[in-house]
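Got some structures for you, see below.
Both complexes shown next keep subunit A, but they swap its partner, so subunit B is in the first and subunit C is in the second.
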Partner chain A sequence: MAVVLDGIVFGLQLSLLAVGLTLIYGLGGVLNLAHGQLVVVAAIAGAVAISAGVAIPVAVVLAVAAAAALAWLLDATLLRPVYRLTGERRVLLSLLVTLGVAFLLDGILITTQPFTALTLSVPGPAIDLLGVRMRSGSVIASVVAITALAGVFAFLRLSRFGRAIRSVIQDEEGAALCGVDLSLTRTVVFVLSGVMAGLFAITQGLLSSVGAASGFNLTILALIVTVVGGLGRVSGALVAGVVLGIVHAVSSFYIGAFVTFVILLGVAMLTILVRPTGILGRSAR
Partner chain B sequence: MTGPDRRARLRADVPIAVTAVVLAAVPLALGGSGYLMSLASTALVFAAYAIGMNVIFGSSGQLFLCLGALAGVAGYTSVLLADDRGWPLVLSIPTGVALATAIGVSFSWVAVRRNLEVIFVGIVTLAFSLVFTTLVQGLRTATGGETGRVVDAGGALLRGPITSYYLLLAVVLCYLALYHWLERSRTGWAWRALKDDPIAAELAGVDVARARILAGAIGAAMVGLAGALFAHHEAFISPTSYAFAHVDVRVLIVLAFGGIGSLLGPVVGAVALGVIDEVLRPLGQLRLAVYGALLIALFLGLQRGVVPAVTGLATTRTRRGRGLDTIRTRRDGDASTDGPEAPKH
Partner chain C sequence: MLRVEGLHVAYGDIEVVHGIDLEVAAGEVVGIIGSNGAGKSSLLRAVCGLHPATSGDVRLAGRSIVTTPTFRIARAGLTYVPAERRLFPDMTVTDNLLMGAYPGRPAPGRLDEVVALFPRLRERRRQSAGTLSGGEQQMVAIGRALLADPRVLVLDEPSTGLAPVLADEVHTALRTLRDDRDLTLVIAEQQVGRALDLVDRAYVIEQGRVRLQGSAAALRDDPDVQRAYLGLA
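Up next is the complex of A and B:
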């Protein structure tokens, strides 16, 4: 039971990552392969701030802001030419450019901050939940993740701007014709995904730690969840995140880390082959 | 065969011949230094990978992000069969290549069957890359895990710095000739058609499935053979030498540098990358950053048409290939339109 609960916490975190990735893809056909690096940048910004003596709450805000700023920068510079293309060419170019960004950031961060890692240890007693003792860090992490996810859903469902975003996901041209500012929605969604990546870094810092070299793996985890949830489907990403989080925890506990990774990748490959629209998807789009 | 046709064929064979002569002279220029020769051999292996990618991605538009894994499948298969089972190389290498080919074919087949978009092909093959690397790291007793293992089977031909260079050069030249021939054949015609517009191609009578699967098979076989030869040549095999970051990213740079879909692009790009690699060696891990920057600059640059002079050189020689964006234009007298195997309109 404790394993499953751990899995749910990790799953919520994965959803944080995947929702950002899937929103960006749904919105503009850009698959951001540098998504994990946003997390790493947040973690390192936070860790550097803490070691410089900044108070932890301020450092947390700085960390999230760093990821959001980087996401904004990406959108405002390198992805502009990408958005000028349409269809498959845009998808392809976005993939290659963000892959380049991922390696660029990896190279810089691994060289300059090889031993920096964000760890936020929370003092305080373990809490009993459903008869299982949870570390207070896990509880805070899941509260943060649930709040952020609920916020994103409320934003997408209830606000006018959120509805505009969903209209772009459904039909880019139609939305543009109705007066939706495509470029603004993309920027907002990119920054939003940056914020969520930053929050992932914080929650992961509460549970264990995030270091410079973890970017690529995080991208892959987010990608797996996104694919299983259906590329571009926000609710799919949420469900897939929690399900795969549980699978991850149970399988790591009983089988081992190597096999778990292979299982997750296998699930993603199988999803593409059997049901490319994801677990919640209809069989045809 | 008509006169102009033969002339066109000859004209286009010149670049391969020039490449052969120039690259054959490299060992003389390097003065037999073992270290430089091994760098040159590695560059040839990457040229071979890139030609394979040119067939898979450049010609038929399938984004395989598992070149390293395909090379590794062939490499590990051959090494395990040769060293642990005592198979001779002439059997173990083809077995490895056959396995890599089978994997390439199955990816192409599935992609065609399920009508997968390019992004899904990319994700599935990327996932396969990671599965491969993870399995190799996990199956420690057979593969030596992360640290790798020493390869005993090799033979004088593959181990001598000069002989192995010429062997790899012969392989690369064969690849170039095969690529060149394919591009002019009915298959090349089908590839161009389906790359421009798969639906129109299908309607025009192109067997899209066959064309794509053939590209997957040939490309994977090319990559597999290069990967297997590399393992026996290096006398050492480890997951790092076939990792996504090590092979696929570099091959993409090589292709973008040399011009996707151009005949000599892979060779030009591989030589350039070899030089860059050596110049940047002191930077250590920071090299990753340079590769990232190169990837961004090359692909955004190509997209905008700021094609470096190098690609210009390669493309004028081979009549096409300016990146993802290329709308393939054909010149009059182009042999592939009136070649013996091209359909008559």
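Up next is the complex of A and C:
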């Protein structure tokens, strides 16, 4: 039971990680392979701020802001030529550009901050939940993840701008004909994905730590969740995150960490074979 | 209200619209008729900024919009309903209609007006648009455009490919719109008889050029139009 609960907490974090990736892909066919590096940038920014004596709540805000700012910068510069292309060429160029960014950021972070890692230890008693003791860090991480995910969901479902974002995912040309500024929706969603990546760094810092070298692992995890949830489907990413979180926890506990990655990839492959539109199995739009 | 001057449109190296001029005054209902492949859609897609024009100008209420992006043209009041309709399939009918008013909210009563025009949509309001029949989708597409409160409403093949009953319903609704609301309307149609029934004036497009233009009555009596489009001897 404790393992499953750990899995759910990690799963909520995975959803946090995947929501941005799936939205960006749905909006414009861009797969951001530097997504994990956004997390790392947030973590390092937070850790550096804390070691410089900044108060923890301020450092947390700075960390999230760093990831959001980097996302905005990427969208405003390197992704502009990508969006000028259409179809397969856009997907391909987006892979090359974001992979380049990922290597660049990895290089910079690993050489300049090799030993920096974000750890946010929360003092306080463990809490009993459903007869299982949860560390207070886990509880806070879950609350942060659930609040953020609920916020994104409400924004997409209830606000006019959120409806506009969904319209672009479903029909880009129809959205433009309704007066939706495609480029503005992409920028907002990219920044939102940066915020979510930053929040992932915070929650992970509460549970263990995030160091300079974890970028690619995180990108791969996010990709797996995105595929299992169905590309471009936010609700799919939520469900897939939690399911894969539980799979991850159970398999790391009973089998081992290396095999776990293979099992997660196996789940993703199986999804593509059996339900190509994702775990919720509706149209991929 | 809408003026097109010497518009050329090409796809790659192949030019499909060879310098078209047309003019639509405020409150007028104008047809663009011609067979499939005559260049009607290419012309309209260039007018609303979905495809760049090679040369020429498009003016909406005097302002050139030929290089303006589509979403700004839409916000400036030119609303285009493409033949493929371009609805949002996973959204409800109501959400699709509300998108028409984006970025604002719909004018009070406008949603009810659309439902009154297309009563069929009433019981479909909560259904996702992708599950509707072609005719119902066309109704949603026109309704969505009406919620934008357009200065010029441009409809591309509004009744082509629909089941006859639904094509008639759409046609009746367009007639109601023409008579009850002071709309400026441009309707592209390959079903020439149907179009001439609805419009004040029309342009006949053939191979990317304006072949003929005139009032609906004059075109209906024109021997060339009768032979080529109305199936009369």
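Operating definition for what follows: the second predicted complex is superposed on the first by the 282 of 285 C-alpha atoms of A that agree within 3 Å, B and C clash if a C-alpha of one lies under 4 Å from a C-alpha of the other, contacts with A are read in each partner's own complex, and residues count from 1 in each chain.
Convention: contacts are C-beta pairs under 8 Å (C-beta built on N, C-alpha and C of every residue); 3 or more make two chains touch, one makes a residue touch a chain.
Predicted, not measured: the structure shown is a model, and the values here were computed from it.
Visitor: Which chain, subunit B or subunit C, ends up touching more residues of subunit A in the combined arrangement?
Guide: Here the partner covering more residues of subunit A is B.
Visitor: Determine, under the contact definition given at the top, whether A:Leu99 touches first (subunit B), second (subunit C), both, or neither.
Guide: Only subunit B; A:Leu99 stays clear of subunit C.
Visitor: Thinking of the overlay built on chain A, is A:Met1 touched by subunit B (first), by subunit C (second), by both, or by neither?
Guide: A:Met1 sits against neither subunit B nor subunit C.
Visitor: Identify the partner contact of A:Val180: answer first if only subunit B is touched, second if only subunit C is, both if each is, neither if none is.
Guide: So A:Val180 only meets subunit C here.
Visitor: Taking the superposition as given, does A:Pro276 touch the first partner, subunit B, the second, subunit C, both, or neither?
Guide: Only subunit B; A:Pro276 stays clear of subunit C.
Visitor: Taking the superposition on A as described, I'd like to know which of subunit B and subunit C A:Leu78 touches: first, second, both or neither.
Guide: First partner only.
Visitor: Touching A:Arg163, do we find subunit B (first), subunit C (second), both, or neither?
Guide: It touches subunit C, and subunit B stays clear.
Visitor: For A:Val262, is the partner it touches subunit B (first), subunit C (second), both, or none of the two (neither)?
Guide: first
Visitor: Going by the contact definition given at the top, which residues of subunit A touch subunit B in one complex and subunit C in the other?
Guide: In the superposed arrangement, which is not itself an observed complex, subunit A uses no residue for both subunit B and subunit C.
Visitor: What residues of subunit A sit close enough to touch subunit B in their complex?
Guide: For subunit A paired with subunit B, touching residues are 31, 78, 81, 85, 88-89, 91-93, 95-97, 99-108, 110-111, 216, 220, 223-224, 227, 231, 258-259, 261-262, 265-266, 268-269, 272-273, 276.
Visitor: Could you please specify the touching residues of subunit A with respect to subunit C in the complex?
Guide: 160, 163-164, 166-167, 170-171, 173-182, 282-283, 285
Visitor: Which residues of subunit C touch subunit A in the complex?
Guide: Per the stated touch rule, the residues are 48, 50, 69-72, 74-75, 79-82, 85-91, 95, 98-100, 102-103, 105, 130, 144, 148.
Visitor: Going by the contact rule set out above, which residues of subunit B touch subunit A in the complex?
Guide: 63, 110, 114, 116-120, 122-124, 126-128, 130-131, 134-135, 137-138, 245, 249, 252, 284-297, 299-300, 303-304, 324-325
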